[in-house]
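These are the structures, in structure tokens.
Paired with subunit B in one complex and with subunit C in the other, subunit A is shared by the two complexes that follow.
Up next, the complex of A and B:
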């Protein structure tokens, strides 16, 4: 099937009016043993569903926008959007990102240097609507035409010939959920334009003005976290049950009697875990406990609402929700009087708490925060843990979470750890600061609705899966167990779905997990076999 | 008459240019402090070779921060002189973009040289070198603009994102480059020096048709350039230094404190259900709406 092509500037606008379905045959090809892999088509959204929920121009549904009930409602929504766009451009409403927004809006020279950097654009087989500049261009045209003075003068000449209606807005909103905000494109832009940031600003405008956002991020994301305590729905009572189970599990596996500490005032570290770990990968929580206890570190978890879940999905779509959660985390740490916050294995929580919030937290709530990767590197390389790397005698590769690497520059500590515990470690290419997103970034990993998971596994995660296969090319047979180390909860969620869809455990023996599990697996004082090689 | 027209037009262009640059600079510089949004590698970081940051250090806040201005200048230099990013990631565009940029650089140098001469400092080396700089600059601009015009009109990845105005702009620069080269080849460069001197003294210059056209084209470009995205030549200062490479940590009581306090007092009027419109940032973000109130969803 020929890809629809955009021939001219005017076509870019018209292009919005036509749909471009995903053609499985055009997806980036995979290496051995997947040369003959035939992708299942992405599930179609049914006619019945379409009467209730808007669908993106690629036939995928991410934002799950309710269909307006009347023409009047559509007009009202378009007017609200324009009102929100005006607000987005004021310092009072958007001091948080106004400067980078203006810089990226006004200085793109459309050189397309960023295009090949994007794993979604390339992974899809170069679908035009996934080009990093595409959605930014649509936004730019709307601003130029409807917001800037004189915008309606010579629209064709200036390329502002866009007519704004509800259908265009739906496409823009949906396309803002086809970018993982990985910022790989921004890294390669010679001007310093950040299309990831622009995508986030689009999401933000829809959320903060129209109340439209991916439900997994908003209603069952930040709203749930702020009211129930965790986006997983885990309340404090449930949390205690899980901890009890984790303590028993540690004893069963290792013989160690560890009491997971809660609300210890004045502890060295308040450890902030992504609560998804507690439910989906409790071995990660257990491994942390084993390491910190073995190293004699004073640490604590919090049992306070929000304090036991480091997740901050506001980072991906809404500055207000983001700020509420970030402030809450610091408030809890301050109240406990801990010396530092340790960010567990969660990339976006790292960035939300340590980097972005660095200019949000007032003096009165300041507590220093550190990455677990840095703290663990100190323990592993200073020989405070007795390690036997031969226990990890299997191929290991490392997935770099974008938020920890590209957005924070934490690259080397995890490698220094692996150098000590994983004798058959090999890099993916490219890696480190140049890594590819797992395809589940910006909250996508938690979206399990409609056909969005299909899109995540076939399109946004395609390039990552290809990288994993290439990293293990020398031992791809299923008899050799292999480990993708992904020190991030959301990345692990995406890995689980990717490896499941491609049946990679059965076909190639590829497992995934965190970094602490590998460390504990190599600890000489712990009975062998902490890593259980059971795909879950 | 032509001379007076040119005199006025050149000064209008210069004033519009300066005004445009100042306004645009202020437009960016006067925005409030934004949340941190750095992107690695950061050029001044000692760990830049692997894209690392000081956050890789244990208890990073207890260590003295080291930064390298020389490394920043080096990275910027590579970008400005060699367009390294385009070379690495967009090779096909580089072949047109490099001569285009170098053409502009050399014509800026020419203009600066003529202004210096006009102000009365005229070492012989300048007099002998400037025509070459102008001629080569004109040629490179002509070449670069032509290649870019062809690329932008034919490449499937560039054409859809190129407006008619972009093409007009390239055509103008192509004509400017051609005229600059032609002035030198026609032996009229001496007249350019005299014309610039006259303009600096607010006197109508005497120019040939070719030189007049060349100066008018250049002035036209200078006049509107800061109001277009070609202003990226100085916007890049902000995108790099104030966003990508801005890794300055917050220090309690330091310059960020007061700016944050001011920002938290801004009133917001977002309309979504989870936001209490009309209140300050501080009030809205420190209040967690419960299920039964606005914002509770």
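Up next, the complex of A and C:
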């Protein structure tokens, strides 16, 4: 049966009034050996939970909005939303993103080219509320009716018969957390409308004006990072404990005695890692240390609060929190007097620190920031490391993190590296700037609450998992170990959850990890077996 | 905030059943939380994991790396999954009274 489609402007409003659950039978089908795969249904939010938390129109909980305690509170929140919307549309209050926001608000010709570009819309089996233009259209109607002069006259005739009440706001807020901000839609749009940016601006409005944001990004994200030092909760003492353990681990595995440097003034590079690496993928930080030492590079980590965690979740939802963290990163680099900042394998930190901050940071704080992929390319292709690619004699494919590739155009360095170290490398299709998001983008991979992880594995990550299976179709049997190289902590978290849900390590022998681990695994001067092939 | 009640235990938890105030944890609470994780009996092996997680958390504010947990307890990851079917982060940490892990972990 076809899903009902929005045929006219009025339909959109009616559609917003209906809730549509996710039907596992409609999800995009998977190839061999998953033709008969039966998805477990997405966990339902209980009646008890619904007394505390608002639920999205698809039955999923992402923003985790507290249920207002009274009608007055609802009215107050609606009024705050309108006030925030007015601000969002003025230069004084939104000098950062007003221009692209207005261009996107005004120029959409509703051609729907973006729809088929979206892995969530297609992966879900074409659920209307996930169409990239859907939430944008809701916002346009609200602006037309409630902000523009005369908008309240003849709303039905103008197709603006949308009622701005608390229920509508809940739907809009939740739907702004059903898009990974991968911006594949913007890339495909013939007129350059950016529905990803528009979604991000909706999140910003809710966060800055109503205090509504996914708690994993805000309360235990940026707020925790700015107070404790890291969104993981890691304090400086814990950091040192981890580094001591990492040094021992490096010695156990390689025989090398490496002292991980901290707070070295005037070093060539301040390396900014996502602190998630320290806790969940310590082999990544170890591999970085091994490579930089082997190449004789002067580098340092920072032990200062925020300086040892490159994440900046503000990029995903809030300009103010974003700026606080970006400033802190640059202040720390400036104080240390390092020549350059090297961004580790974290996609959004690349964009937050290199691309966005570069346009906002005052000159007095400016420090050159460089992608690790570019720096590593120099080391690998200039033969400063002795490499034996036969050590990586297994199928490897590359996942392109959206922020590094589509948003920043860093495409070739990682491929030039793989050409030197992975003889059985194959591309996913499509790849590079046309890649598909892992499904955990815009911080989704860090949300482990309620039924959101179910949605991430079944819906937003579905197309990516399909792509991975297709890339390895020639050797899908579990006896052949295969490696999805994902040079981004957030993407790795999503890969882990995807491969676990689909049981792909047991069924297909598919493992995931970063890029530096593959480089070290191919280093001829290191004992064989840096990659341990233990799923974690 | 939901309240989790089991026998005489009554504690505030988050929507996924993790303790909100880790300082209120004790062995009776651990047994109660274990019941939500399909662990009916806490053996010496369970306690080894739980106590290590607990001590580490109180000292450093986070759960230890899984690799370190394995090394210090002598259990491989497979064994930890056998002890706590939801795994080290979602299972063992919950029983040890740690809050839900945060950040890109």
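Here is the rule we use: the second predicted complex is superposed on the first by the 530 of 536 C-alpha atoms of A that agree within 3 Å, B and C clash if a C-alpha of one lies under 4 Å from a C-alpha of the other, contacts with A are read in each partner's own complex, and residues count from 1 in each chain.
The rule is short, and it goes like this: a residue touches a chain if its C-beta (ideal position, glycine included) is under 8 Å from a C-beta of that chain, and two chains touch if they have at least 3 such contacts.
It should be emphasised that the depicted structure is a prediction, and the values quoted were computed from it without experimental measurement.
Clash-free side-by-side placement of subunit B and subunit C is the outcome of superposition onto subunit A.
Shared-chain residue A:186: touches subunit B; no touch with subunit C.
Contact with subunit C, but none with subunit B, is seen for A:230 once the two complexes are overlaid on the shared chain.
Once the two complexes are laid over each other on the shared chain, residue contacts for A:122 go to neither subunit B nor subunit C. In the superposition on chain A, A:303 contacts neither subunit B nor subunit C.
In the superposition on chain A, contact is made by A:363 with subunit B only, not with subunit C. Judged by the touch definition given at the top, the superposed model places A:411 against subunit B, while subunit C stays out of reach.
A count of residues in subunit A touched by subunit B and by subunit C gives the higher number to B. Of the two partner chains, subunit C is the only one touched by A:276; subunit B is not. Following the chain A superposition, subunit B and subunit C show a smallest Cα-Cα distance of 16 angstrom.
When the two complexes are superposed on chain A, none of the residues of subunit A touches both subunit B and subunit C. For subunit A in complex with subunit B, the residues that touch the partner chain are 5-9, 11-12, 15, 80, 83-84, 87, 91-93, 95-100, 102-104, 106-117, 128, 133, 137, 156-159, 183, 186-194, 197, 207-211, 218-219, 223, 226-227, 319-321, 323-324, 327-328, 354-363, 366, 368, 370-371, 374-375, 377-378, 405-413, 432-434.
The touching residues of subunit A, counted against subunit C in their complex, run 48-49, 52-53, 64, 216, 220-221, 224, 228, 230-235, 237-238, 241-242, 245, 249, 274-280, 282, 309, 311, 346, 445-446, 448-450, 489-490, 493, 534, 536. Subunit B meets subunit A in the complex at residues 27-28, 31-42, 45, 47, 50-61, 79, 83, 85-86, 88-90, 93, 97, 156-166, 168, 229-232, 235-236, 238-240, 242-244, 247, 249-250, 252-253, 256-257, 260-261, 263-264, 266-275, 281, 284-291, 296-297.
Per the touch definition, subunit C reaches subunit A in the complex via residues 1-2, 14-16, 59-63, 65-68, 77, 90, 100-105.
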